[in-house]
Structures are given as structure tokens and as C-alpha cells.
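Quick one: this structure, given as C-alpha cells, is what I'll be asking you about.
Going in written order, the chains are labelled A, B, C and D, and every chain counts its residues from 1.
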Amino acid sequence: MAPMIPASPAFALSCVGALLAIAVLAIPGGRLRDAAPVVYGACLATSLVALGGALICLLAGPPASNVVLPLGLPWVGAHFRIDALAAFFLAVVNLGAVAASLYGIGYGRHESEPQRVLPFFPAFLAGMNLVVLADDAFSFLLAWEFMSLASWALVMAHHREGDNARAGYVYIVMASFGTLALLLAFGLLAGPEGGYAFAAIRAHGASAPSAALVLGLVLLGAGSKAGLAPLHVWLPLAHPAAPSHVSALMSGVMTKVAVYGFIRIVFDLLGPQAWWWGLPVLAAGGGSAVLGVLYALMQNDLKRVLAYSTIENIGLIFVGLGLTIAFEANGFHAAAALALTAALFHVFNHALFKSILFFGAGAVLTATGERQMDRLGGLIHKMPLTSFLVLIACAAISALPPLNGFASEWLVFQAILLSPQLPQWGLKLLIPAVGALLALSAALAAACFVRVFGIVFLGRPRSQQARDAHEVDRWSISAMAMLAALCVIAGVLPGFMIDSIASVVDALTGARMPAQASLQWLSIVPVAESRSSYNGLLVFAFIAASASLAAYAIHRLASQAVRRAPAWDCGFPDPSPSTQYSAESFSQPIQRVFGSYVFKASERIDMPAPGDMRPARIKVELRDLAWELIYAPIAQAVSFTAERLNRLQFLTIRVYLSLVFFALVTLLLALAVWP
Amino acid sequence: MIFDLAIQNAQMLLVLALAPLLTGFIRKVKARLLRRQGPPLLQPYRDLLRLLRKEAVLAENASWLFRVIPYLIFAATWVAASLVPTFAAGLMFNWSADLIAVIALLGSARFFLALAGMDAGTSFGGIGSSREMMIATLAEPATIMIVFTLALLAGSTQLSVVAGFMLSPAVGLRVSLGLALVALVMVAIAENARIPIDNPATHLELTMVHEAMLLEYSGRHLAVIELAASLKLLLYMSLIACVFIPWGQAQPGGGASAQMIGVAAYIAKLAAGGVLLALFETAVAKMRVFRVSDFLGAALMLGLLGTLLLFVSRSL
Amino acid sequence: MGRLEFDVAHLLAGGLVLMSFMLLYQDRLFALLNVFALQAVVLALSVSWQAYVQGAPHLYVTAAIALVFKAIVIPVALHRIIVRLGIHREVENVVGVGPTMLAGMGLVALSMVVMLRVTADAYPLAREDLAFALSVVLLGLLMMVTRNNAVSQIVGFMSLENGLILAATGAKGMPLVVEISVAFSVLIAFIVIGTLLFRIRERFDTVDADALDRFRGGQR
Amino acid sequence: MTVFPTDGVTLILAIPAASAALLGLLPGYRLSARLNVLACLLTFLAALSLFIEKPAPGPFILIDDLNIVFIVLNTFVGFTTSVFSASYIAHELETGRLTPLHLRFYHAMYQALLFSMNLALVANNIGLMWVAIEMATLTTVLMVGIYRTHEAIEAAWKYFILGSVGIALALFGTILVYMAARPAVGEGLDGMVWTVLMARVAAFDPALLNVAFVFLMLGYGTKVGLVPLHAWLPDAHAEGPTPISAVLSGLLLNVALYAVLRFKLLLAANPGAIAPGPLMATLGLVSLIFAGFMLYKRRDIKRMFAYSSIEHMGIIAFAFGMGGPLANFAGLLHMTMHSLTKSAIFFAVGHIAQVTGTQKIADIRGLTASHPELGWSLVIGVVAIGGMPPFGIFMSEFLVVSSTFAREPLLAIPLVGGLLIAFGALFFHLQRLAFGAPSARSVPAPTSRQASHLPMIAHFALVLMAGLYLPPPLVAWFQHVAGLLG
């Protein structure tokens, strides 16, 4: 067993053990009055320690040791290891865990049934940590499924509310589907002799056809967990159903664990890649990016918007991964390093801002009890801090410079621009199209988050609850503030992030991006300065300087008088808040443009004749094509078969006997004709 | 070093100074084309000054964000404009952001403007924001596609490098470039709320987009936003000029005389652009809002086509 | 084993198969019971012949059980049940007699084919016996499957069991044969008693549980 | 070679036999319930003693590595079920569904059932094994019908008729095995003794063995509940007392499976015979998929879990049918885990049916809110039986699926499909049962409730432990047996 230095698998495992212990203790303790702060506090401390360990591993180089416990499959044992990749994802997981626990200290007080949340929250954290730590197929899948199970329990925490049961059901079935797909993949990788340890798999390698099969299965398995279209259907149901800090973890972190699974299997275990593997990954990524954000734009439920937006960001990450495969298979290691850096950077970024956004949604939920955007509004006056922090996250997720979302998206674009050197025609045609999709999704994301922030926080309150809102507690604010600060830092100083990811990228692609920290003015240069460069710090400084300069100059030299008056509104002021643009009306132009293709949207307008006092009504119907084309037929087929077979339950004894009789005769016939 | 810094600062001030003039010039040309006298060339400056001196009237519901946004918009646009080489290539801070970042900076400005439109909680502000974002969802990818085309040709997303490449004989006559130019002009028209997408001179509620977001602004805030809008127009003209007609630009290391030539050439290009824009605007009619998507979709397709052609022709 | 022993055993086993076909052919319950009794007699003869040939006196017990229990007690009991419960006295076919007979032929052929693969050298009587026994088993099952009323199904089951006994006695030196035949008789007795208790008039599925309570004196 | 080895084996047979007689005579259900528990405990201890001292095989009795696993599992679940049954039956008496007279009969039958199952497991004689399994069938028939409701009688009757036919087929198979053995082994008792048969099976007539296996597979397969021979199983589980459902699912199915496995061993050792694996795998796969679909439309909670038993028997049969060290190991592990989990689920379901006063799924809602302990137990049970970690079934399913896919990818697809279908159905019902607003109907919990949770907790603890950590001796054992199974 390795010594207990903070950068060893044993150390990380003991953190996991501590989390599990907290989970077990929270079962009897969950009903106590002040259990929530204690549990979340303990989670916070443990995650902080684990985060520290992961950062040491990431920056100081991963430990060589690995741990084998006599658990799991008896003749394999439970292997655990931290390499650079695992260290990076451990850092992401535990950063999210720290934030969520911190948030939970405040948010958890409002939980009506804490005993349904408290035991599962640490268990969920432990499961995610374990997935990343695992170094054999059995432990990996066990942790993977355990993670699904714990999060399912959290999704079902508010089991009495409306659609949550359905959400939980779709979630657990899809999770099981994904696990089975991964199980099959590992079955192929391990071979009939059952070499389930990752080291054995690496040594063993896979033949070309079975490697392709593994890739397909991993896309199904990890993709369904990550939320790639069209396997995403569970995500927008399940993520919003959980308590908000859990939603943040599920969206911000758990999907990243799925990304980790994909990278681990495809880049580490599967051996050399073929160029065409990039095609399905790129296509799935690009499709998910656009579909996700389009769906997000059409939703009215705040948390569901955020969940759909997760699909978009996952799409972006998978585009990065697909590019990496394409470059790597063709031997362009530097380009592959750039693409992988971009993907991993976005993994980190999305974990940050999606967590803030879900925390913000949770804060809004606490303050108003509302998730429907059309019943909110004007919260910027009541919740100034929350709205400021959410604004930063909105700007970051919309890829606005100088925040972090832009930095990673910029890197992806740079990687795309390197792709004409690829020799294959399929990639040549697909990658620009995917680039267009990404650009489209970025613009749509900006629209989406203008809508979110504008409807929820700006304007006038649309309901009494929104009018009575109040700022949330310090814990929640500090969790959001911490992440927002990280968003700004990562956006302004992306070079540091790129450098710390470099060891991960190096291990997987055999190349790294040029070291960024030593560059003049802390700018980032993906390939060469003559090609492209970006300096978040300078852009940030320029904007700050020119904005304050302008403000100072104007206030000093010109007027600074301010008068409040009723809104002018082009001469048609109307005191009713319902005359404001609503969430649906905001997205209507975009729905008109894209909806007829993507959603088969249909509008029905009921316009009363002049003189008729009825209100005019417009009804918009959107259809989820993924659900209609894939899931509904499957569900119908299962239901149909079950219905048909169910008749066999109500037969007479004679008919059952004849079943036996026919089975016997069939087998005897088979024997008779057997050679 | 000091000279570089001076050039950079000169560029920043120049664009700031020229922007209202360009707006005034276009108005004047348009008026002349319509056989009207038109406002004097310097009218935009006077408007700005008058607005600056007035008190700002805020809607009762307006938040702090509403007051901050004008400066943010102005700063983002100004920084973007100063990053586009106008009269001189290879500016000192050019490398701090490339073309993609310039586009994204303009995106930031739009993002905040749209938020401002929704802040007061009025119906028209929402209309403006909603339509503006719809337009952006098509214009932005089209722009990115154009960027791709240029970057693939020049092997860089740095504007200076692109401009340098365009000057070099390696360019030749390319279909992709033509497509990109057309697309870029279309995008520029849309982005700057010009006819046929939007009419900057109207306050007719059902047709306006950009103006609808500004309805609640007054006084110095309005002035800053108007200035930013002028800057944006100038920026797009500079961009087109820098990429497609880079001749006359002062090259790095060029002396003061080269810089003077560059300034002169730049102003000439702007004037030509202004006349062309005015001609175009007087010749076409504004289209319905929902036709805009077709217009911009065409731009997007052109951009994508240009990129694809390049991707394919690279290997030939 | 001499030629005569073989021929007699063969004849009796073939007789059992013939009886099975006759069972399939009947369309009256009483006639069915009579034929079944006849089959039981043939079985008893066959078993005694085996006892004699193999020199295994304990098989006479099995023969006696077949004779007393199956040829006399059960048919009489079923006869009474039919009368007492007022059961419809016709055999209800699901599949007509003709097709059933054809299917029966097929089954006999199948059992021949299956058993022909058995290596012939060891003991020819066993092989032939097994083929016949398998035929009787399959025909009994066929009867259970193609006849609707409970009584004919019971008869089918018993004829199936006759096949089993035939096979068991044909297997020279097989231990526990007597015990098995006793156990099966108990099983059949259970079925017959159950039929009476649950007042299963027409089908096996029409259990009349209230009848059970009445029978037990209504205690609850 | 003595006819009956002494010690452990005698005890595990004698104790149930004697207590069956004793309990049949004793009035007073409290005493008999306790005696029942005590007898089961003693039997379990006696079974454990077999680990220490393994008797030499005799003509009737055999203890080898294969059946000792079954015996210990059998007696253990028999013991825990008797603990559960004590509180369950007390409640049935309070509500008047059963009379003291019934209980006397019930306890006697319970011990008789244990006796016959133990006998079937230790038998070294295929005839004796057949007799024991027939006896076990008859006793369970009687217990299934013990409520004497219309449905219960019907279920018992169906079970009886189908079981009798199955028994007859199995007997024919047994006779054929004897016939096949006779030329090689000689006449008389030896022709039915396992150890002898196994030693000389290579010389048997393969064609006869093939026919025999068809009959045995179908005959004992009826008891295992493999589709299409399963029809008795759901009704028998649903209508009988819950402890009997637990024993049926957890034990009797295993015993029948054990018989099938024995004959599979026999066939595998004969070079000329067909490979029995594909037949078992096919039946297993059909059972899995069929039961998976049937789970969706279930309205009765016990019938639902009965179908789940069919599903799992299908998986086990499939695993053994696939063969090979990994799949056989998985099959053994799965069988053990299924016994423990399914009986624990039936313990929970028994109490749930008692506190809600119904077995109808539609009438049971929101259990985790109304009865947290029972509700969460049900959740844990379904999670475990659905093959989710950290429970033991996850490990066995992991091994079955991954080893199958590596060897026969085309077989793994329907396997995975079936697993997913069944999983979806189980959670479909679980979510309604355990979550949402509770249904209004609820009767007071049985008085002696606390004690009766122990068996369930013990089972879950074992299953949880097995999912994470298998003790090395057990592993070595399973591996050895898996090697035996080929």
C-alpha cells in the first residue's frame, strides 16, 4: 500500500471512504433537525481535501503507485490508480463537489424531506470519485452504476411532484441501458478470458472490427450518460427534478464523468484510433450542440433550460474529442493536443458555469418557489448578488470574451481551422459543417441566456411570488461567488489552465500545446503567434479601462443627473406586467426560423372576429423528434408485445399442457433430425 | 515601441472620431439621393453633445444593469474596433485578439444590449431583444464561416496576417473569397441594422429591431449607445476594407509618411463604402422580420459554401 | 432371452400402443373408461410377463396394482364421479378424432425414429419396448392436450403413466419400480379425489372452491 | 460403505422429518412456530457441519462440492424464512385468514418440504432424487392451496396438474438414463447411483442419453419454471402464503435446477452425446425475454416477483448453458444471490401486503412515505434484483454478459435486451409502489414486526457483501465447482 501522501490513490480512496461513511451516518441522522449543515459541511471538508490531493497530482505529476484492494471480482481485485487524466477529472469532480456542498449548507435548510437527500448526496459524490479512480472494468462499472443509482435516488427525492417519477424512470432505464452498453464494450475489451484490469486490457489491445464495435458501444454508453443527442431524452427530465445543488452536480459534473469514461476507453484502452471514428463522434457532437440549445430556447422551465443547455455543451466537448481522434489517427499530434486541450478546458469551464446557473436557479426557487420563467421577473432588484453572479455565468456560457467559455470555444475553433490538412474527404466535408453548427449553437446559446437572464432577473415581476422574493443565504452566495471568480480567472488567464492540462494531453496524444505561461503578456497561442493568439487579460483590461474611462469622462465632463420616470415604451405604457415579453414570445422568432425543421412546430392561432371579446389565443405545439422517432416506437413495441404476451397468463391448463407437449415434440424432432 | 503605442492610440482615437462622421456622411448621401437637403455632416456630433448634456431619464423599474450596459457596449465595441487594422497593419495590440475574438466582442455588446432591452419590462424592449437575438443567431455563424474562409486562406485568424496575405500575390482570384465578401456584406448590413433588415430611422413599432431596445434610453446613455452603433458600422466597413481592399495600409515598420498615406487611403475607402451603402439602402425596401431569416440564411450558406470549397480545394 | 419371450413382450407392448389409439378414438366417456380398463389389463399382463421373463417377483406387485387399481378401482370411481357430478357424457375434442389419430401416427413414428438411433446391439427388447413406451407416453400427452373434459384428461394422464410403467418394467433390473408405481398411483388418486373435491365437472380450470368448504362442513 | 452415513447428513434429513411429525401433532401455533425456527436453525447448523466433515458417498447419499453449496444455501434460507414466517403467520392468524388447524398443517408441511428438498440435494440416486422432488412438489401444492380461496385452489390445482406431468416426464428421463447405463454399469441399484454413473458415463449409449436429457430438461425444467413450462409458477407464488413464495422462489427452483445441472454434467462427460448447453441457453434466453415482457402488465405484486424469478432462472440457465469457468461461476453466484435477494423481497412483500391489506399493485402507492422501512427495503430489493451495484447480482450479471459478448456476441444482444426489458418493468412498478403520494389504505402493522425484519436485513447484508467482497474460500469453492460443470 502506498504511503498516505496526499497525491496517492490511497489518499483519494480514503476520501471516498469518508464520503461513504458520511452517507451511512446520514441514514439515521437525516431526520435530525440540524443534520443538513453537518452533512454538507462534512462533504465540503472531505471534497476540499480530495480536491487538494487531485490538484497536487495534476500539477506535480501523477503518482506511480496504484492500489489493489481485495474487493470486487475476486480474481481481479479492485484496482485504483491516478494518472494525469484521472487527476484532472478528480479535480473537476471535487471542485463541483466543494461548490455543491458549500451551496448545500445553505440550500439544504429548505429541504422538506432531508432524509431523502442527505444519505444519497455523499454517496453520489463518492460514486463519481470512484469512477475516475477505478482501474479495472468491474470497479469502473460498479462505481458508474452506483453513481447512477445514487443520483436516481436524488432525482426521486421530490417524488410527489408532478413529473418527477417519470423523470426518474426514464433516467434509471437509460442509465441501465448505458451501463449495459459499456458492459458489452468491456466484455469485448477484456476478451473471453476475463482480463478485466485496465492494465490487462491495454496490453491485450483489440482487433480492428471489435475496436469499432467498442467505439460504438462506448458512444452509446458514455454518450447516453453525457447526454449526446439522441440519447439525451432522460437528461432534461432528470436534471431539473433533483434538488438544485444536485442538478448542478449532475449537469456540471456527472456528465463530465461520462466524458471521462469516453476518453478513458477510447483514448487509453482501445489503442490506436482509425480516422473514421471521428465521424460519428463529430456528428453526434455537432448535432447535440445545436439540438440541445434549440430545445433549451423553447423551454419555459428554468432548470430544464439549463439541462438542455448542458446537452449543447457536451456536444461541444464531443466535437473537440472527435477532432482529437481525427488528428491523432492521422498523426497530427500537435493538432490533436490542441483539440483535446480545448475539450478538456471546456469540461472544466462548463462545470463551473453550469453549476453557478443551477445554483442560481435553486436560489430563485428558494426565493420564489417558482421554476416557470413566465412567473418570474425583476429579481435583479430583490436578489442583486445572485443576479450579478448568474449574469457572469450567463455571459460565460454564451462564450463572451473575456470569460472562460469564450476561451475554450475559441480553442475549438482554432482546432477546426487546422483540419484542412486532414487527408480524408469525409472529415474534410464534415468538419466545416460541424464548425458551422458550433457557431450556430454559440449564437443560439447567447440568445438562450439573454432570454434566461432577461426574463427571470430583468423586467417587472410577473407574479406575487417574484415580487416577494428575497436574497438567499450567504452560503449559497459564496458558492456561486467562488465559481464565478474561477470563471473570470480561467477566462482572463487561460494560459495557466492550458498548461495544467498539458500533462493530461501529453499522456493521451503524445504531444502538448506550446507552453503558455512563459508567453508575453500571458496570452495564449495554440500553434504559432502568426496563426492566432488571444489574450484574455488584455481584452479584459481594455474593456475595463475603456468602459471606466468613458464613464468617468462622461460623468465628469457631461451631465450626471438622473431622473426616474415611468417607462416610455414608445408611448404605449401599460402598467400590467403581463404586457412584457414572455419567455415564449421571446423565443418565437427563433422557433419560427428553426422550429418547423427541428420540432415540427405548428402554431394554431385563434383570432376572434372584430367585436368579439374573447381573448385571442395562440397555441404552439412542439414535438420532440428524438422521442417520437426512437423512444416512443420502442415503448410502443414493448407495450404491444407485453400486451400480446400477457394473454398467455390467462390460458387454460390444457393450453399450458399443450405448450409442454409442443416443446417436447419439438425437441424430440430436433433429436430425430440431428445428424 | 513608443511609436507603436502612439499608432495604436491614434487608431483608437481615429475610429472614435470618425464614427459619427461616417454616420452623418451616409445620411447626407442618402438625403441627396432622395433629392433632400439632408442634415449637415456634423449633425451626429451635435446630437451626441446635446444628449450628453441632458439629464438621463430612467424607467422606474430599471436596474443598475441598465445604467452600466451603455458603457459596456461602448467599451466592447471600441475595443473591437481598435483591433481591426484601419490605416496601419500590425498594430501593437493586434495579437491580443484575433478575428474570432472581435466577432465575439461584438457578440458581447449585442448580448448586453439585448439585456438592456428587457430590463425596463416593456413590451417593445422585448420585441427588440428577441428579434435582435434571432438575427444574431444567423448572422454570427455566417460571420464565423467567413472567418473560416479567410483563416483557411491566410492560415491565420489574425487580421494583420490576413490583410498581409491579401496583399501578397498568393491570393489570386478565388470563388471562396467572392462568396465570403458577399456574405460579409450581407452580415454587415444585418448587424448594423440597416435597410432591408432594419430601419435605423424608424420608430414604427412593428418594424423596428435595434431601436426598440433603445427606447428607454435617454441622455448620456443614449449618446454612448449611439456612438457605439456608429463605431460598429465603422468597424464593419474597416473590416471589409482591411480584408478585401487592403491596399494603402501602412505596413509595420513604415514611417510617418506611410501612416499618412494609410490614413488617407482609409478615409477614401470609408467614403466609398458609405456611398455604396447609401445607394443600396435607397434602392431596396425593408423586408418583413421573418424574411430576415432567409436573407441571413443565404449569407450563412454562402459562408459555408466558401469554407467547404476551400476545404476541398486545399487538397487539389 | 428366447424368441418367444421377445415376441410375447413385443405383442403386449404393441397392444398397449393400440389401446392408446383406441383411447384417442373414443367419443363417449364410459366407453373411454372401459377402453382404459382394458389398457390397464394389457399393462398388467405385460408387467407379469416381464416379471416372469426377468425372474423378478416384485414386479408382480406392480402388475397387481395395475390390475386392481387401474383396471378396476379408478374406472369405477370415475364412472361414479361422472354420474354423481352429472358430467356431460361425451368426449369433447379440441381437435377432431381424425387429425388426432393422424398426429398420433406421427408421434409413434417419431418415437420409432428417436429410438432407432439407440445402438441396437445391447438388448433388442429394451429398444423396442422403449419405442412403444415412448409412443404410449406421447399419445397420453396428446390426449391430455386434445381433449377438453377433465375425465378424459385424467385418463390421458393415466395412459401416459402406463407408458412409464411399461418402460420401467422393460428396463431389466431397474430398482424402485414398485415404489414408483405406488407413488404414481397415489398421485392419480390425488387427482381423482381432487376432481371430486373441487367438483371439476367440465374442465380442469373450473375449480369450484366453495364445494370444498361445503365438503369440509363449512368450517372457516 | 455404510448405507447411510451418519452425522451431518443424517441430521439434515432427520431433524426436518422428525419435526414434521412432531409439528403435525402439536397444537398451539406459538410453540410450533418457535419449534419450526429451532428445527430450521439446527438443520442449518448441521448443514454447516458438512463443511468440516464430509461423509463418504454411499449408494443413496452423496455430499460433494456441488451440492454442499446448495444444501447450505437451502438450509440457511429455510431458517431465515422460518423466522419470517413466525411473524407473518401470526398476523394471518390475527386477521383470520388461517385457523390454528391450518397452522399445524402448515408447519408440518414446511418441515416436510425442507426434508424433501434436502433429500433431493443429498441423494446419490437419481431415483431417490426423483422421489424427493415429487414429494417437495406435493407438499408445496398443499401449501399453495392453504388459503382455500378460489384463486388459491385454482393455483394449487394448476400447479398440481402441470407438476404431475413434469414429474412423469422426468421419470421417463430417469428410466432412460438407467437404460443407457445398464450395458455399462450392469443391472440393479448401481445403475442409478450418481457416482457410479459419472465414473462410467463415457461408455453409455449417447443416443439414449440425448433422449433422456430432453425428458429430464423438460421434466425438471417445469419445476425450474423455464418458459414455456412455467405456467404454474406465477400463480403458485401469488396465491400461497408469502413464506412459501419465498421458499419456492429461493429454494425449490434451485433444487430443480440442481437436478438439471447434475444431468448436464452427465451428458457433458459423454463424448457422443449432444452438448446440453445450447438447449439450456436457449430456454434460459426465452425465459428471460418472455418474463421481462410479462412483468409489465402485472397487477399483483407477488405475481410480478414470481415472473422476476422466471427471468432470473432464465439468466442462470443461460449462464450454465454457456458454460466455461466465467459463466459457470456467474451462474452459481447468480443462483445464490437470487435465492437470498428474492426471498428477502418476498419477506418485504409479505409485510407490505399485510400492512396495506392488498396485493394489488394499483392499490399500493408511496410506500417510502407511508412505511419507510418496508418501502426502502423494497427499493433495495428491486435495486438488487435488477442487477444494480453494489449488490451481488450486479457481479454475476457483469460476468455473464461480458463473457458472453466476448464469446458469442450475437447471443449477448438478446440477453442484454431481455435484461433491459425486465429492468424497465421492475422499475416501472417500483416507482409507483415506493414513491409518490401514499395510498390511503393502510392497516396497523403486525404486532411482532420488529423481529421479522431481521431475516430481510441479513439477506440484504449478505447480498451487499457479496457484491463488494467475496471471501476467498467461497471463491475457490465456486471456481472449483464451475470447473466441474465444464
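Details
As a working rule, a residue touches a chain if its C-beta (ideal position, glycine included) is under 8 Å from a C-beta of that chain, and two chains touch if they have at least 3 such contacts.
Nothing here was measured: the structure is a model prediction, and the numbers come from that model.
The greater number of contacting C-beta pairs, out of the two interfaces C-D and A-C, is seen for C-D. A simple rule picks the central chain: find each chain's mean C-alpha point, then take the one closest to the mean of all protein C-alpha atoms, which gives A.
Between the CA-based centres of subunit C and subunit D the separation comes to 31 Å, rounded to the whole angstrom.
With each centre defined as the average position of its C-alpha atoms, the distance from subunit A to subunit C rounds to 69 Å.
Note: centroid distance subunit B to subunit C, computed from Cα atoms, is 99 Å. Separation between the centroids of subunit B and subunit D, computed from CA atoms only, is 78 Å. Looking at subunit B, one finds that none of its residues touch two or more other chains. Annotation for subunit C: residues touching 2 or more other chains are 114, 117, 141, 144, 204-205. In subunit A, the residues touching two or more other chains are 653, 657, 660, 664, 668, 671.
Which chains touch which is summed up as A-B, A-C, A-D, C-D.
Residue ranges on subunit D touching subunit A, taken from their complex, read 157-158, 161-162, 165-166, 169, 210-211, 214-215, 217-218, 222, 228-229, 231-232, 234, 274, 279, 290, 293-297, 324, 326, 366, 368-369, 383, 386, 388-390, 394-395, 398-399, 401-407, 409, 412, 416, 419-421, 423-425, 427-428, 431-432, 435-437, 467-470, 472, 475, 479.
Considering their complex, residues 652-654, 657-658, 660-661, 664-665, 668-669, 671-672 of subunit A touch subunit C.
Across the interface of their complex, subunit A is touched by residues 52-65, 67, 71-72, 74-76, 78-79, 82, 93, 95-98, 100-101, 104-105, 107-108, 110-111, 114-115, 117-127, 129-131, 133-134, 136-141, 143-145, 148, 151-152, 155-158, 161, 203, 205, 212, 215-216, 219-220, 223-224, 289-290, 293, 297, 300, 303-304, 307-308, 310-312, 314-315 of subunit B. Remark: subunit A residues 70-75, 116, 137-138, 141-143, 145-146, 148-149, 156, 159-160, 165, 168-169, 172-173, 176-177, 180, 183-184, 186-188, 190-192, 194, 196, 213, 638-639, 641-643, 645-646, 648-649, 651, 653, 656-657, 659-660, 662-664, 667-668, 671, 674 touch subunit D in the complex.
The touching residues of subunit C, when paired with subunit A in their complex, are 94, 107, 110-111, 113-114, 117, 138, 141-142, 144-145, 147-148, 153, 203-205.
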